[in-house]
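Both of the next two complexes hold chain A, though its partner changes from chain B to chain C.
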Partner chain A sequence: MLTVDGLTVDGLGVRAGDTELVREVSFSIGPGERVGLIGESGSGKSLTALSLMGLLPEGVTATGRATLAGRDLIGVPESRLKRLRGRDLSMVFQEPMTALNPLMRVGAQVAEVMTLHGRGRREARARAVELLERVRLPEPEQLARAYPHQLSGGQRQRVMLAIALANEPALLICDEPTTALDVTVQKRMLDLIAEVAPALLFITHDLAVVAAVCERVLVMYGGRVVESGPIREVFTRPRHRYTEGLLAASRLTPRGTRLPTISGSVPAAGHFPGGCVFGNRCPHADALCETVPALTGEGHAHACRHPAG
Partner chain B sequence: MTLYLVRRLAVLVASTAVAGVVVFAFMALLPGDPAEIALGVNATPEAVAELRAQFGTDRPPVTQFLDWFGGLAQGDFGTSYVTSAPIGPQISDRLGVTAVLVLGGMAVALAVAVPLGTYAAVHHRDPLGAALSALSQVGIAVPAFLAGILLVFVFAVRAQVLPSGGYVPLAEDPGEWLRSLLLPWLSLGLVQGAVLTRYVRSAVLDVLREDYLRTARAKGRGRTGALWRHGLRNASVPVVTVLGLQLATLLIGAVVVERVFVIPGLGDLLLNGVAGRDLLLVQGVVMVLVAAVLLINFVVDVAYHLLDPRLR
Partner chain C sequence: MPTHAGTPRAENPGEPLIEARGLSRVYRRPRTSLLRPGAAVHALRDVSLTVGRGERYGIVGESGSGKSTLLRLLCALDRPTAGTIAFDGRPVTGRPERDLRFLRENLQIVFQDPMSSLDPRMRVRDLVAEPLVALGLPVGGRVAELLDAVGLPAGAADRYPHQFSGGQRQRIAIARALAPRPKALVADEPVSALDVSVRGQILNLLADLVDELGLTLVFVSHDLSVVRHVCETVAVMHHGEIVESGPVDEVWAAPAHPYTRALLEAVPTLEDLT
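Our next item is the complex of A and B:
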């Protein structure tokens, strides 16, 4: 669990008032490693990412410990955190259409992240054009002078990626970066992210996307990590009953057969069962599941009393 | 941008011409013949006809209009039927006073609204932010002339630190000029400032929820830095619209405030003209006020285009 260089998260919790939204999340990402974080909406995956960035919404707080290259990320004053954001770790968000300032030229928005962290203005401008080229935008010189509304969604997301990469961060976080894009644009964006990311935390609800980009995966449900391990193993031999159901639901089924689903629906925040968070929807749940199962196992870990396989 | 400017300029000229027709038509439709007014009820028909010929009011209305409107383009507003004084110089003398009054009032409004509105938005959950928001509601309910009277009561009658009225030209004594305008500026500006505060607050609140502000913070800006660099210009787009409307309102407010503070501006001239039945003078002043409002709208539209690249 102890990596000095990469990201280490230990016992991360996120709460809004009395409601616990994320509980006891622990994982690590080594340098150059690409890790996927999957789960349904409301599973706490975005909050996990935002708490690492120190960008949780007002009234939502994080507890626990997270370090990046030995630097603390949680419970640290904003003045210290803002020096790390955009330099040591950066993030690409889900919605490219609204993530850029509509009144500012694209090149200036890329250059800003560099001048903020101490680079000279002229150097930052020049490097902004290089970065636009690096994320494969055509005619980067002209594009740097364009305003966001003159670019397509895919192009804007590439600009966001250029901003995120500008200061050579140690960790890149991507929160559903291709969900809002056309399918044809998605693939190229994913290839690009996989190619340029230093270490990557990739959040998605799309299993095919995570399989294409990541080496390791964390499955979240009800604010907890319920399973983690190498992609191939987790996807071919899921242990947690939730992961099993998720994979079954996403598999292509022959015509005329019923689509397998997970029964019930995701409870509202704060209304998950007390023991295993999946207990009320799991066909295998029994009295044993009324106490919280720990995430156990080396490499491929799961938090389930009645694992599959 | 150039094409837009040309088109918008053409609209300005056309709308000013239409406004000229409307103003002229309204004044022509009003009962009351300048020659009859000048000569009184006992005048002989011959004398009235002679004076009409002298004023030129016996000509067809279209000719009269073209003569008047053509003169306006060269700064000639005609000669008063009542005082026989040329109207143009009177208007230009007073236009400057009113412009200073209105722009100063606007400056006060902005100086109040931008910091308070921004503070109220950023701290909208705190008691002070909510209190500011409530206070601006109260401010909206106060008309400018009442604010003026209250300010006179406090600063001129009670504290006796500022004059209660009168106007000293800038060239005569800059210090006294400033003192004479301070209360009028405040009474115009504070009320508009209260209105504007609400708009600034809601514009900033909207901007605070924008994704690009989160992007700015993800780059390493603090909350305040992100708002300064990326929020305020975006928030100013809706505020500029209101600002334009308010300038027009201030112009109307100035008419009243000039009365309260005895300031020789356009409003004062207009009311004098009405009281003295000086139809051509009233017509000229109304035309200038209408043209000013059209010009303000023009400037607001151009400002929009400069602020927001999406409109270019």
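Our next item is the complex of A and C:
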């Protein structure tokens, strides 16, 4: 797994004190590739992204190795990360209202990320307007002078995207960028992301959204990658029982019929069963599942003792 | 036509339970000038709808379409600027709160976010019993009965909302809504805040309860595919108006209004993959 250009993550772990939150996550994203990271809330997908950005909250630490274009991302001092963040890799968060500064005009916020990385003030300001135009905001000149509260949710999220793209990063991470948006606005935003992203790690809990944007997908549950592979393969022939259950639950059956469900609910962090993390909710679990299954398979990989199909 | 309380549904199915005629609601923005009043926001314009007894009625629309305003009016949590609402043949609009007991007993609501709609400092027992206490009805063994009906263990009664997962909290909210044995249940995006694996559990539960208790359901969602699974009838809202309504399968198969078509096309699906 040696890609010089893209992102390579090898054996990533995240822990808070004695609680293991993410374990042995390995994947790579080549230049131009769009990879989805799906899972329910509490599965560790946002922590994975934050550890790559070096933005883990205090008391939470990451181990393992992650490199972007040959540069280390984990276990390096903040001073080094600061130069990478917003320049080589950047992130679009779920809540544009809390991520944007309410007291600063949006044009200045887009320009700021460029001046921080050494671009001249005037040049940055001019480029900010170009970027706002690139994310298809109407009348970018006037809009650059607006404050976040004057924009709609969709427009704010476009501003976030403009900020993320400002320094032509090698990798864009999007964490549920459209969850707070209406479906018609979401569609335009997804098309835009797919068009402008250099290499993309797209985090969502919505399987249909990931199918619309990505080529490859990683399914996370209980802090582990339980299945990975090309979208079409994983979604049409899921092997892990969790992926199978998730797909079944995502397809709404005709009225009057019962929806397939996964029994129980996602356990709290640190309360996942030993062995297979899905063991306590899986209808196929048996004694074999008490030892951790490894993620095996080339291309389409899964970590399940009793795979489907 | 007025019917006396407790009439079994089977005797008069299809008869209207909720009737709204020509509802409008105008909000005023705070004034920005001393000389002129604040700008008017037309949240609802001339909306009429009829929900039959035992019907599952879906309302679909995006944020700002007026669906929450409509719900607030139907539940008499707000007053319309114009128009009338009748519930079970009795007028709701223009009455003071003390004359709305028939509505409070018979129409209950489940909100979108089960965290903010449950008081974090109340035990589940008190939360579920609250509508009964507020209406002066006997509580008795009703809490245990309700918790059982929504699939929660009896021990849940002594715990606090934060000790439950999102799906379980929504079960508590449903138990609370059902406490006074209402005829109608209004659900405002009840599954939007839930994970997919739990969404099915809550939708199945709602369907079971509506069937068992013969409830009338008003189900609001931004997702037409969820409404199609739950409801027979749908109204599509856009800019404060109902732009299209009818049997959900017909609207789904042949949307007549351009906005409905745009809405259907925008919903990402997994169908193209199979």
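Following the convention adopted for this analysis, the second predicted complex is superposed on the first by the 309 of 309 C-alpha atoms of A that agree within 3 Å, B and C clash if a C-alpha of one lies under 4 Å from a C-alpha of the other, contacts with A are read in each partner's own complex, and residues count from 1 in each chain.
Convention: a contact is a pair of C-beta atoms (placed from the backbone, for glycine too) under 8 Å apart; a residue touches a chain by one contact, two chains touch by 3 or more.
Values in this document were obtained by computation on a predicted structure and should not be read as measured data.
Model built by superposing both complexes on chain A: chain B and chain C fit together without a clash. In the superposed model, A:Ile262 lies in contact with chain C only, and not with chain B. By the touch criterion stated above, A:Gln142 is placed in contact with neither chain B nor chain C.
Contacts of A:Thr253 after superposition on the shared chain: chain C is touched, whereas chain B is not. Looking at the shared chain after the overlay, A:Met160 reaches chain B, while chain C stays out of its contact range. By the touch criterion defined above, A:Leu207 reaches chain C but does not reach chain B.
Judged by the touch definition given at the top, the superposed model places A:Thr291 against neither chain B nor chain C. Applying the stated contact rule after C-alpha superposition, one finds that A:His117 touches chain B and leaves chain C untouched.
Touch counts on chain A: comparing chain C and chain B, the chain ahead is C.
Looking at the shared chain after the overlay, A:Met53 reaches chain B, while chain C stays out of its contact range. Between chain B and chain C, the shortest distance over C-alpha atoms in the superposed arrangement works out to 8 Å.
In the superposition on chain A, none of the residues of chain A is touched both by chain B in one structure and by chain C in the other.
Of all residues in chain B, only 125, 210-212, 214-223, 229-230, 233-234, 307-310 touch chain A in the complex they form. Interface of chain A with chain C (complex): residues 40-41, 153, 182-187, 190, 205-209, 211-212, 231-232, 235-236, 245-247, 249-256, 258-262, 265-266. Those residues of chain A lying in contact with chain B across their complex are 53, 55, 58, 78-79, 82-87, 90-91, 93, 95, 98-104, 112-113, 116-117, 147, 149, 160, 163. Taken together, the chain C residues at the contact with chain A in this complex read 62-63, 165-168, 195-201, 203-204, 207, 222-223, 225-226, 228-232, 248, 262-263, 265-270, 272-274.
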